[in-house]
C-alpha cells in the first residue's frame, strides 16, 4: 500500500494515466505502470530514470522511451487526434529536455503539435521567420531559461493563449530558473500564464485542456 | 509624447483598449482615456485612483466606476456576449478587489461570468455547495491569498483550465503574496497556470482568450 | 569527549533516548548508541546511514531498522501503550520517508498510531474516504511537500490539534520545501502548528507530548 | 453577499466565533459581529482597528476592547473554565501586542491562563525566577522577536507542548520576523511547534485545543 | 564638518560635480551646491526633493529643475558637445523618471542624446520603427521595469555597448525591480552590462565615459 | 508590570543602563528612564522619538539629546575616561545617524573617541589622509552603507580589532542594508566582526568592552 | 535540427563565432564547432568540458585549449590587433578561471590585453603598485568574489569604463556570488557596470565593443 | 605568477602566515606553503584537503595536521604564549570542525585556549556547569548551528567580548547556516559580534587580536 492510485483522471476518456517518477524507486515505477496499463488506457511516465525506463520497456516493448524528455509513453487502442495544433516554442538548445517532456505529453493526450526550437531573442529574426507557423496553433507553449524574454516577445505578437515554462538553464544570478520565472510572471504582454520551473508536463496538460475545449 | 499608444490590440474586433493607471498622473490617465474613447472602442482603465476615476467620469458620465476593483469601464456600441461562461472563485472576503478587477475585465471583453466568493478551504463544504455552478464554466479563475490552497483543491475537482491568481492578502510569512504564489506554482493538481500576485486583469485576459477560442 | 550527553530527557520515564545521526561518523553513532542502551532505556536513532545502521544492528541484533525512515529503534523492558491514537496523514508516495521517521518516533514513545498515506488534495475524495479513521485520533500529523495544501484542507475538517510537516519533495519553485513551509505557516485553517522541513521526528515528539497529556 | 459565513466552528460547543478584521471595512466588521452575536455565542474580533472597535462597542457596550491586543470580545451566557492552565511567556516589552492577542483568545475560549512577560534570554535569571509558575501550565505559548532564542531555552526546560510565536519586533536583519521564525523552526529543543509571525491568535487556538483534550 | 567633499572628480575637466541628495537635508543640499558652484564648474544634483530644489533655485535662478527626473543642473561656462550620440530607450511611460535622470546626466556631461520612450516588447513593432535612430548612437542606455525584456531584444539588434537600467516599476513578483535586474543580468544577448535598480545616473555616467573615449 | 527590568548589567560598575525605545510608548520610556535614573547610574536611551526625548528632558533638564543619533544620555556622578581611544570611521554623510548612535554610546560608557566621517572608498585618498589618526585607536568601528567596501579596505590597513556596522543607506539592490551586511561578512580582510544593520549601539557596546579590557 | 545557428554576429567582420557549451553534449559541441569553423571565421568555445575540448582538438589540432578558462579558440586568417588595451584585474588566486575566460575572449576578439591578478583589497598596496599599468588601458575588467570590494576601490581610482564581474568564490554568506554581485551593483564609485556572476565572457564581450569604438 | 603573496601580515612578529586552500590545487598549496615556511615564520593552512595535507606533511614532517579542523600548522622558532585565555564554546557535536579550525588558529597565533563543547541550549544545565571556566577567558568564541541560540544565552551571562560563529549544521529551514547567522545578528544580548557562516578562522583571528591588546 505505498500508493493510493487516483483513478479520477482516468474517467476522462482518452486521457492517459500519468506517473511522476522523480521520487519513486524502479520497482515502484514498474509496478504502478503495470497496474495502470492493465486497464487498457494510455500510460505516460515522466521524469523517469534510464534504469526505470528500461524496466518498463522490458514489460512493455512497444512503449516509446524519450531519453531527452525523460518519458516513457504506452499507446493502447485508437489514439484521438485534435483538429487544432499546439505550438511548442523554445529559446535555446539547452531547453530541449523540457521541450521534449511537453512534446511527449501533448502527443500522448492526442494533440497535433509543432516544435519550433532555438529561436531566442538574442537573434530575434529567427523567431520572425517562424511566426506564421506559430500563429497556426490554437495554444502556444513557450519554453525559455536564462532571462526568459522570449515569452514576452511572443506574447506581444500572437493572439492566442500563451503558457510560459521557465527553465533552470543558466548560471549565477539565474538562480536555477528563478530569473526566468520572475520574467514570465511580470510579463507586460497580457494573457501569459506561467507554470513551475522546468514543468513541461504541466504546461502541456493545460495546453491540451485548452486545445480540446 | 509621454506615450507611444499601442493600437495593436484594437485590431482584435470588440476587444477594449486597456489603460494600466498605476504609475500615471491623473491628467495622463484622462488624456489617454479620451484618446482611446474617441475611436469608438470600449475602454477599460485598471488600477485607477479615486481622483483619476472622477476625472474620467467627468468626461464620460456613462462610464462605470468600480471602486473595489479600481476600474473604470466605458462601453460603446453593441457589446458581444459569449456563449460560454467564466467562473471567478475566491477564498476570502479580503480577496475581493482582485476578484472585482478580474470581473470587470472579463465583462468588458464580452464574456458571461459567475462570481463565487468566500469559499476558502478552511470550510471546504462551502466550495462543494458551489461545485455544480463552477463546473458550468468553460474556464475558471481562482483567486486566493494567504496559503492559496483553494487553487489545488479546485484544480483536482474540475476538468477545465484553471488560472490561479495569488493575492497579497495575509501577513508575516505570507511575504505579500509570495506564499500563495509558490503554492500555486507547485500545485500537484495538473493543468493549473499562474499569473502575477494580485493580477486579476491578466488572469481575466487569458481566461477571455480561452473562452472565446 | 566529543559529546556531553544530555540525560535530561531520560528522566521522563519510558521516553526513549534519541540520537540525531546526520553529522556523526559511524563509530560516533555506535558508541553513543551503546552508551545509552546500557542504561536500559529504549533508544531511537534518526537520520542514520545504512552503514551506521548496520554497525548498530551488529551490536544489538534485536533492534529494528527502518531504511525508508532512516531510523533504528531498540526496545527494552515493557513498552507502554497510550489509550489514544495519533494519525499520520500524507499527501503523496514521495513523502514516505518523512512519514516513516514520524511513525517510528511515535511508536517508540509508546503511542498507538494510524498511517493514512497518498491522500493529497489533487484527488480529494481519497481524503474524504479516510476522514472517519483520521477523526478517531487525538492528534494529527500532516506530511506534505510541493504546495502542502493538505494541511489546510485537513485542518478545516477536524477538531483536533494538527501538526504540519512540510517536506522537501518537489522541484523548481518548491525551493526544497520552502513552498510547503510557507503554505502551512499561512494556513487559514486555525490551530495548525508547523515544524521544520522534513522534521518528522519533531512533529512526532510534539504529537506524543500532546497525546500523553 | 460579501461573505459566506462559516458556521462550521460554531458546532464546537462553547467556542466563540472569531472575526479576522485586518482587510475589512468598519461597516463590514460591525455587520458580521452583529450577525454572529445574535446567535447567542461568544464573539471575538482580532486585528480590529480603533474605529471598528468603537463601532462594535457602540452596538455592544458590554464587549471588552483590548487596544494593545487589538481585540474585542463579547461574552454571552456562562463562561466555561478549564481545570488546566495555559502559560504565555514573552521575551520583551515590545512583544506585548502579540501577547495580548493570544491572551484574549485563550481567555475567550474558556481557558485559565498566566502571563509571564519580559523574561528574554539576555537576562536569563528572569526566566528561572518564573520557571515554577510556567511548569504549572499544561501548554506553553512562547512569544519572542529579534532572535527568538527564548523558545529554545524554554523548550529545553519544560516537559509540556511548547507553541512558539515569532514576532516582527526588531530591525535590520530581523527582516520583519523572519529571523525569529527561522530560529524557532530550527530549534534544537524537541517538541516545539511554530505558527506564523505575529500570529498570537493561531497559537492560542492550538493551545486551547490541546488544553481541552 | 558633515561632509568630506571629494574634489577628485573635478580633476576630470568638464565633468560636473554631482550631489546625491537622497539622505541629505535641504540645508545640507543647498550648502554643498553653493560650495561646488562657487568653483565655476557645472553642478548636478540628483534625487533632489521639491523642497531642496526650490532652495537651490532660489540661490541659482538660472539652474534647471527637472521634477520628473528629480534633478537640478547648473551650467556655467561653455558647454562641450560630443560628436557622438547616446540613445536612451525605455519600455514604458512609468519608467520616465529614470529616463529623465539619465537624460539630465548625459546632457550635463556634454553629450548629444536621443530619447526613445515607450517602446517595450509587448508591442515590438514600436521598437523596430525606431531602430534606425537607435543605431545612430555610439552607446545605448535601456531602461525597463516589470520583466525588463527590452534589454535582451535590443541587445540582439544592435552592435554597440548596451547599458541596462532595471526600474522598480511593477508590482507583486517584480519585487521592486528584482525581476528586471535578474532578467538583465541573465540576458542571452552578449555585451549587456547592468547598473543598480533605478540608477539612471550611473548608467548615464558610464555611457558618457564610453561616448567620450 | 509591562517590564521586568534587568538589573544584571548594572552590576558592571560604571556602565549605564540602556533603554531601547523603538517599540515603546512615550509614557513607557519616561517611566523606565525615571526608574533607572533614580538609582544614581548613568542612563542612555536609544532609538528615541522626538516626543519621548522631550518628555525625558522635561524630567531631566541636564540630560543630553542627540537628535541625529536619536539618543538621550543622562550623566550622573563622576564619568570614567579610558586611557585608550575608539575610532568611529564612516563612508558617507548619509551614515551619520548610525555614527552618532555609536558615538553617544561609547562616550556614555566612558571611552575616549575620534570620529572620522565621509571617507568612503569612492575617493580613497580621503581615508589615507586620516590613517594615522585611525591607527591611534585601540578598536575601530566602521560604518558604511551601499556596498560597504570601506570595512574591507580599512581592515587590510590596520592591526586592531575592526567592528563593522552595515547601514540601510542605499536603494534598489542594496535591499535596505543587506548588500553592506553581506560585504562585511565576506570580507577577505581577516579579523573583521559584524553587527546588525544600523546597529551603532551594538558595535559601540562591543568596542567599549574591548577598549576596557 | 537541435540548433538554429545565429549567423547574425558573424556579419561583424573579424568577430569570432562563440559556442556556449555548458548544457551541450560532446557530439553537439563538436558538430557546431565544425559547422562554424568551416566558414573560415575564428571560433571560440566557452564553458567547455575536458572531454569536449579533446574532441574539438582532435578535429582542429591547431586550436588552443585553456583548461583553467575552459575555452577552446581557433584562429583562422589574419588576426586584427587593437591600438588600445584592455586590463583584466582580479582580487585573488581563486578567481583565475573567470579571469582566463575573459582573457581568451578579449584576445580572440583581437584586443591587446594586460592581466593583473591577486591584488585584492585585503592588501591594497598590491593594487597601488599596479595602478600605472592599469591606467594605460582604455577599458578595465574587474574580477572579484567574496565581498567584491575591489571594483569600488578601483572605480574610484581610474577614469575609464569599469566592467565588474562578481565570482562565485567564497562560502557561507557569499551565497555563491550574490554578495559580490550586490557589492558591485551598489558601488558608490560612479560608472561601474556589472555582468552576471562568473560571466567572464560577457564582460570581455562588452569591453571589446568599447575598446574598438 | 598565480599569486601575489601578501607579506603585509608577516610584519607583525610572531603571527603565522595563513593559506586559505579552498579553491587552490594541491601543487599550488604545496608551493605557497614552502614559499612561506622558508622565511622562518609559522605557517597555517586552513580548509586543506586530505590530499594537499599529505603533500605538505611530506615536505614538512613536523607540521601538525588536524583532519577535523582541516588545518595544517607548522611551528618554527619559539612560540609566544599569552597570559590571557580564549574560550571556544560550542553547541553540538556537529559543530566540531568549525571549533577545531578556530582552535588551531588561536593556538597558532600564540594564545592559551579552553574548548567547551556540546553545551547547547536544549540542555542548558550543561552550559551552567561550565560557566566558571568560561568566565576565566578574556574573549569568548561561540560556535553554533541550527538556531544558534547559544550565542544569545551566553552573551547575557558573561561580561567579555563574545564573537559568534554560525555554522551550516542543520537542515530544511536552517538554509545552510542562514538561520543561525540571523539569530546571532539579531541577538538581544548586547556586545555580540558575528563572522561569516563556518568562519572559525575569522573568529579566531579577531579573538586573538583582542586577547593580545
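Order of writing sets the chain letters: A, B, C, D, E, F, G and H. Residues in each chain are counted from 1.
The rule is short, and it goes like this: contacts are C-beta pairs under 8 Å (C-beta built on N, C-alpha and C of every residue); 3 or more make two chains touch, one makes a residue touch a chain.
What you are looking at is a predicted structure, and each value in this text was computed from that prediction instead of being measured.
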For chain B and chain D, chains touching each: C
Far-end chain from chain B, centres as C-alpha averages: H
Same vs different contact residues, chain G with chain H, by half of numbers used: different
Distance from the mean Cα position of chain F to that of chain A, given in whole angstrom: 57
Inter-chain centre distance, chain B versus chain E - centres from mean C-alpha coordinates, in Å: 35
Interchain centroid distance [CA atoms averaged], chain D/chain E, Å: 50
Contacts with two or more other chains, residues of chain C listed in rising order: 8, 122-123, 156, 172-174, 178, 181, 185-186, 190, 196-197
Chain pairs in mutual contact under the definition given at the outset: A-B, A-C, A-E, A-G, B-C, B-D, B-E, C-D, C-H, D-F, D-H, E-F, E-G, F-G, F-H, G-H
For the chain D and chain B complex, residues of the former touching the latter: 1-4, 6, 8, 22-24, 28, 166, 168, 176-178, 181, 196-199
Partner chain D, residues of chain C touching it in the complex: 8-9, 12, 18, 138, 156, 159-161, 163, 181, 185-186, 190-197, 201-203, 205-206, 209-210, 213
Residue ranges of chain A touching chain G (in the complex, touch as defined): 93-94, 96, 117-119, 122-123, 125-126, 169, 171-174
Contact set on chain H toward chain D in their complex: 91-92, 120-124, 146-149, 152-153, 155-157, 170, 172-175, 178-180, 182-190
